[in-house]
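Below are structures written as C-alpha cells.
Below are two complexes that have subunit A in common, paired first with subunit B and then with subunit C.
Take a look at the complex of A and B:
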C-alpha cells in the first residue's frame, strides 16, 4: 500500500508543522537542558565568545537563592491548598447537580461561566472586592472597607487587611486561594459531571433495592466509579497549580506582592520570567528544569497512587 | 391476634415510607440550597464588576456600599476606553487572533489529514513523539524561544506573537481522531472519481469535521484574547501590545485609592466578548475543553 507518492505527499503536508515544532519545541528542549548544565551561562557574554564549564553550578545557584525558595514555598503552598479544596467542592457540586432535574442545565451553565474569563481581568475584580480604600495608619478606620470586609462586619467579625500595604502573608494567601479555587471549579465540575452522567444507572438501582444508605452509595459506588475522572482532575490540578502565575498578577499586579513588599507572592513560573530578561539563561534554564522535574515527579506519584486506588 | 400483628406491621411500614419521603424532600431542599449558594458565590464577582463600573467614584467610596448604583454613570465606559486605549489594543488582538487562527487551522488540517489518511514510514513513531511533547510544560520552551526570537530580530513584531504557537499537537490529535471516524471508502471513491487530495479535504473532510474545527477556532481566539505572559515578554510596546497586557499596564495599581469604577468598566469591556462567545458557542467550548484540560 505504501507507495512513494503517498510518502512524498504526507511529508509535504506535515512539513509546516514539523518545521515549526523543530524550531520552537524540539530545539528548545535540547537547548534548555544544555544551557542548564553550562555553569553561569549568560547570553550576552556568550555572544562575545565566552566559554563555560559543564556542571551543576546553575542548579546549586538557583536552589541557594532566597528568592527562589520563596517562590518554591509559595507555589507548593498554593497548590497544596487549592487542589484538594477545589476538587472536593467540585465533587460536591457535581454530585448535587447530577441528583436534580429541574434547573440542572441552567445551574450547569452558571458554574461553567468562570472558565470563559480572563484571569488578569477577573483578578482585578477580586482585588477590588478585597481592597480597603483610605485605610488610616492606625488600621482601625477606613473610608471604605471593601465588600468582603463589609460582609464579615455584617456578621459581627473584624475587618481584615487582605491585600493592602502592610497586609499579612496568610491574608494574601487566603485571597489567592479563594481566587484560584473560584477559577479552577468550572473545569473540574465539567469533567466530574460528565463522569457522573456516564455511570450506569443499574448500580444505583441495585443499591436502592438493597436499601443502601445514601452515604454508603456515595463512598462505595459514586467515588470508586468516578475515580478515573477524579485522578485526571487531580493530576491536571497539580500541574496547573505548579504553573500558577497570572492569577497572582491579576490581583497583585506585576510586582507580585502587596505595596511595600514586592515579589512576596512570586511563584516558580514568575521567577523564570523575572530572571529571563537579565540574559542569565543558565539560571533560568535550571529553574525551568527543576519545575519540570517537580511536575513530572508529582504526576508520576499521582499516577502510581491512582493505579492502586482507581477502580478500573 | 395475628390480624392485629399484621395491622401493626402495615402501620410501621407506612410510617417508615412517610419518614423516607420527608427525608427525601429535606435532602432535595438542601441540595438546591447548596447549589443556589454556590451559584451566587460564583456569580458575585461578575455582579460586582458590573455595578461598580456604573457607579460614580463618590458612590463607590461610600462606607456602606450600595448594591445597585443610585445614579448610573455610563461615561465610565467611555473614560475606560480612552484611558486604556482599548481601541488600539482590540485591533492588535483581533489581528493576531485571526491570522494565527487561520494559519493554525491550515496547518492542523493538513497534519491531521496526513496522520489519518496517508501511509508513510515512521508515521506511528512520529505521532507518538508529537504526543510526548504535550507533557512538557511550556515554560521549558520559553527561555530558548526568547533567545531564538532575539536572534531572528522578531522582538516587538506581530510575527513573534503568531508564529511560535501555530502548531498545537493537541489540536492535531483532536482533528485526527475526528478524521479517522470518516469512512475510508469515501476517500477511495473520491480518488476513483479523480478528485484531488486537497479538493477532497475541502469538500468532504472539513465539512464533516466542522464542529471540531469550530471548537479549535474558539479556543485559539480565546487564547489570543487571554494571552499574557509571552506577549509581555516579547512585544510589550504600544504598537503590538495585546489586550490583556494593555489592561494590566493601564491600571497598574490594584490596591489603595484607585479609580475603581473606571477600572471595572475596562474589565467589563475586556470580558464582554468572552461572555458573548460563552452565550452563543458554549457547546463547542465545553466539548473542546472536556477533552483537553488546557485553558485557553
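Take a look at the complex of A and C:
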C-alpha cells in the first residue's frame, strides 16, 4: 500500500485514463440505461428541454417488433453453430501444430494471418467466392460462378445459389457459418497453442510409461489440462457471437441480407444500428440492454457449467 | 528381474550447430543389476545418472549398447512394452484426477488379455495405496496433498501395474529434511516388501548410502565405482569417489612419498611399504584421526564443535587442500582449547593415497 500522503500522485497519474473512461465509457453506459427507460425520447427535442415519461415502453416495443425476433433467432443460430465448430477445429489444429517440429512457426504465422486482416475485406473476398454473376432464371446458367460453385461443379454437383437474390435462408446461414468460423479460428488457435505449450511435458512422459493410447492421452490429459483455455475461448466466443455484425455486413453489405430480402440476416447489434438513424435512441438503448442481459445470462451459465469441468 | 546394461552409451548432438561438439552423457556403461535389489545411481549433476535411468525406462534411446531385463533384450522396445514403473522427480501426478484416478490410470490403459474388470482394478489400486499408506486419501486431488503424500501416490501409480523394474528419479529431492529421512526408509520398506528391482537416482550420497544394496558412482558420464555402500566408502578407487562419499567430507592433503614413508609437510605420518617415491594426494576420513600427544601429524587447532557423542575438531595445516581439517573423535577425549597446536596419529585404513596426475588410488600394504 502506498503511503496515504503519496496517494495523490497515483491518482494524478491515473487521472487521464480515468477521465476518458468516465466520459466515454461510464457515462454512456449510465445514459443508455437512462434513455432505455424514457418513453418516446427524441434527442433533438430533448435539447429544447422536453420531458418524457419513465417506463418500460421501449422494452415492450423492442420485444414486440417482428424484426427483433428475426435478429434474435439469427444471432442465437449463428452463435450456437459457430462457437462449438470453431472451438473444436481450433483445438484440433492447435494440437496438430503443437505436435510438428519443422515449419511450426511458419504455419503458426499463416494460421494467424486472418486475425490481422480487416473482417470487412475478408468478407468481400468470401462474398466473391460464393457469388454468382448474371444468373439466368433457370438457375443453371450464369455469366460467372464463384470459385465455390466451380469446385462443386468440378466434382459433378449442381451449383448452389449461396448469397444472391432468391437464395435460400439456410444457404445464407451456411455461408455465414463458414466465414465466421474461419474468422474466429486464429485467435482461438493462438490461445490454445499457448496453453498446449505450457503443459508440462512430464505428464506425457508419464502417460507414455503407462502405455496410454493416443486418443486417451488427448481426452484424459490434454483436454482436461487445457480446460481453462478452452473455457476462455468458449466464453469469449459466445460473447463475440452475440455481438456478430460486421461479418454479415462483410458478406451481404449494409442491407444485412441477399438482394430482394433485406435484413433477413440481421442480428441484435445490427438491429441496434438499424433503429439508431431513426433517432429512436430509447428503443436502441433498450435493445442494447436486452442484448447485455442475454450475454450476461449466457456467460453466467457458461461459467457455472465450466466450474464443474474446468481444472485449474 | 535382473537388469543388464551392456556398453550403454548416450551421445547428445550439439545444440550449437557451428561448433558441432557432441555431449557424451553416458559413456560405455556396463553393469549387471542383481534381481530384487535396490540400486542407487549417484553422482553430481550432469554426470549422466538421470540419462541412464531414462534409457532404462525407454523414454530415451541409447546411442550404443544394449539393455536386458532378465534375458529379454529390451533395447528396441518402446517404453510401454518394457513394464517399467517410473517415478518422476516432481511426481508428474495428473492434477485434474483424484488420487484414486491417478493410481487407476495405468490399469485402465491395459488392453487385450491384460484387460481387467473395474473391481479388479479397484482392488489393485487399493492394495497399492495401502502399501504406501495413502488408502485414506483416495478421493483427494494432488494439490490437496503434501509433498511426501504426493511422492507416495507417484510410487503407488508406478507400482500398481506390477512393473518388472521400478525407477525413481531423485525421489527425495523435493522433500524437506525430516520427510526425507522418513521417506527413504519408506522406499526401502516398499522395495523389500515388493521385491521389485529398483533403481534410483540421487546426487545425495548420504541418501544413496543409507538405503542402497549397491551404489554406482558416476562422473561426467563415466562409471567410477560400483559396490556395496560400505565397500565403496572404505575403498574408493580414486580421489573423486573418496571426495564424493562421506559427511563430513574426506580431508585432502598434498603430500609425497619418500623412502616408503608418507609425508604431509615435514611430518612423516605413515609408512607405506611398496610405494615408489612421488608426489601424491592424501585423503584422510574425519574418523581417521586419533588424539595423540606423540602423534605424527601436527596441525593448528582452530575450534572444537561438540556433537554429543562425538566432538569435531577443526584445525588447519598448510598442506591441506581444504581450508579446514575436520576430524571426529570420541567425546571422552578432552581437548585443551588454550593450546595452539594439536597432534594426531592416523588410523592406517582410513588413509588413502592417490596418484597426483590421474588421481587414481595407490595401494599400499597394511600390516
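Everything that follows uses one rule, which is that the second predicted complex is superposed on the first by the 300 of 312 C-alpha atoms of A that agree within 3 Å, B and C clash if a C-alpha of one lies under 4 Å from a C-alpha of the other, contacts with A are read in each partner's own complex, and residues count from 1 in each chain.
The rule is simple: a residue touches a chain if its C-beta (ideal position, glycine included) is under 8 Å from a C-beta of that chain, and two chains touch if they have at least 3 such contacts.
Quantities reported herein were computed from a predicted structural model and do not represent experimental measurements.
Once the complexes are laid over each other on subunit A, subunit B and subunit C both fit without any clash. When the two complexes are overlaid on their common chain A, residue A:137 makes contact with neither subunit B nor subunit C. Judged by the touch definition given at the top, the superposed model places A:191 against subunit B, while subunit C stays out of reach. By the touch criterion defined above, A:24 lies against subunit B but remains apart from subunit C after alignment on the C-alpha atoms of chain A. Of the two partner chains placed around the shared chain by superposition, neither subunit B nor subunit C is touched by A:156. In the superposition on chain A, contact is made by A:165 with subunit B only, not with subunit C. Draw one line from the C-alpha centre of subunit A to that of subunit B and another to that of subunit C; the angle between them is 70°, to the nearest 10.
Which of subunit B and subunit C touches more residues of subunit A: that partner is B. Residue contacts after overlaying the shared chain place A:284 against subunit B, while subunit C stays out of touching range. In the superposed model, A:209 makes contact with subunit C only, not with subunit B.
Within the superposed three-chain model, A:64 lies out of touch with both subunit B and subunit C [touch as defined at top]. Taken over all C-alpha pairs, subunit B and subunit C come no nearer than 7 Å in the superposed arrangement. Those residues of subunit A that touch subunit C in the complex are listed here as 200, 202-203, 205-206, 208-213, 216, 220-221, 224-225, 227, 311. Those residues of subunit A that touch subunit B in the shared complex are 1-2, 6-7, 9-11, 13-14, 16-17, 20-21, 23-29, 31-32, 35, 43, 89, 92-93, 96-97, 99-100, 103, 107, 109-122, 124-129, 131-134, 143-145, 147, 150, 163-165, 182, 185, 187, 190-191, 194, 214, 232, 236, 239-240, 242-243, 245-246, 249-254, 258-259, 269, 272-273, 276-277, 281, 284-285, 288-289, 291-292, 295-296.
Residues of subunit C touching subunit A in their complex: 57-59, 79-81, 84-86, 88, 90, 92, 94-96, 105-106, 108-111, 157, 161.
The touching residues of subunit B, when paired with subunit A in their complex, are 27-28, 31-32, 34-35, 38-39, 41-43, 45-46, 48-49, 52, 60-65, 106-108, 110-111, 113-115, 118-121, 123, 126, 130, 133, 135-137, 139-148, 150, 163-167, 169, 172, 197, 222, 225-226, 228-229, 233, 244, 247-248, 251-258, 260, 263-264, 267, 270-271, 274-275, 277-278, 282, 285-286, 289-290, 293, 295.
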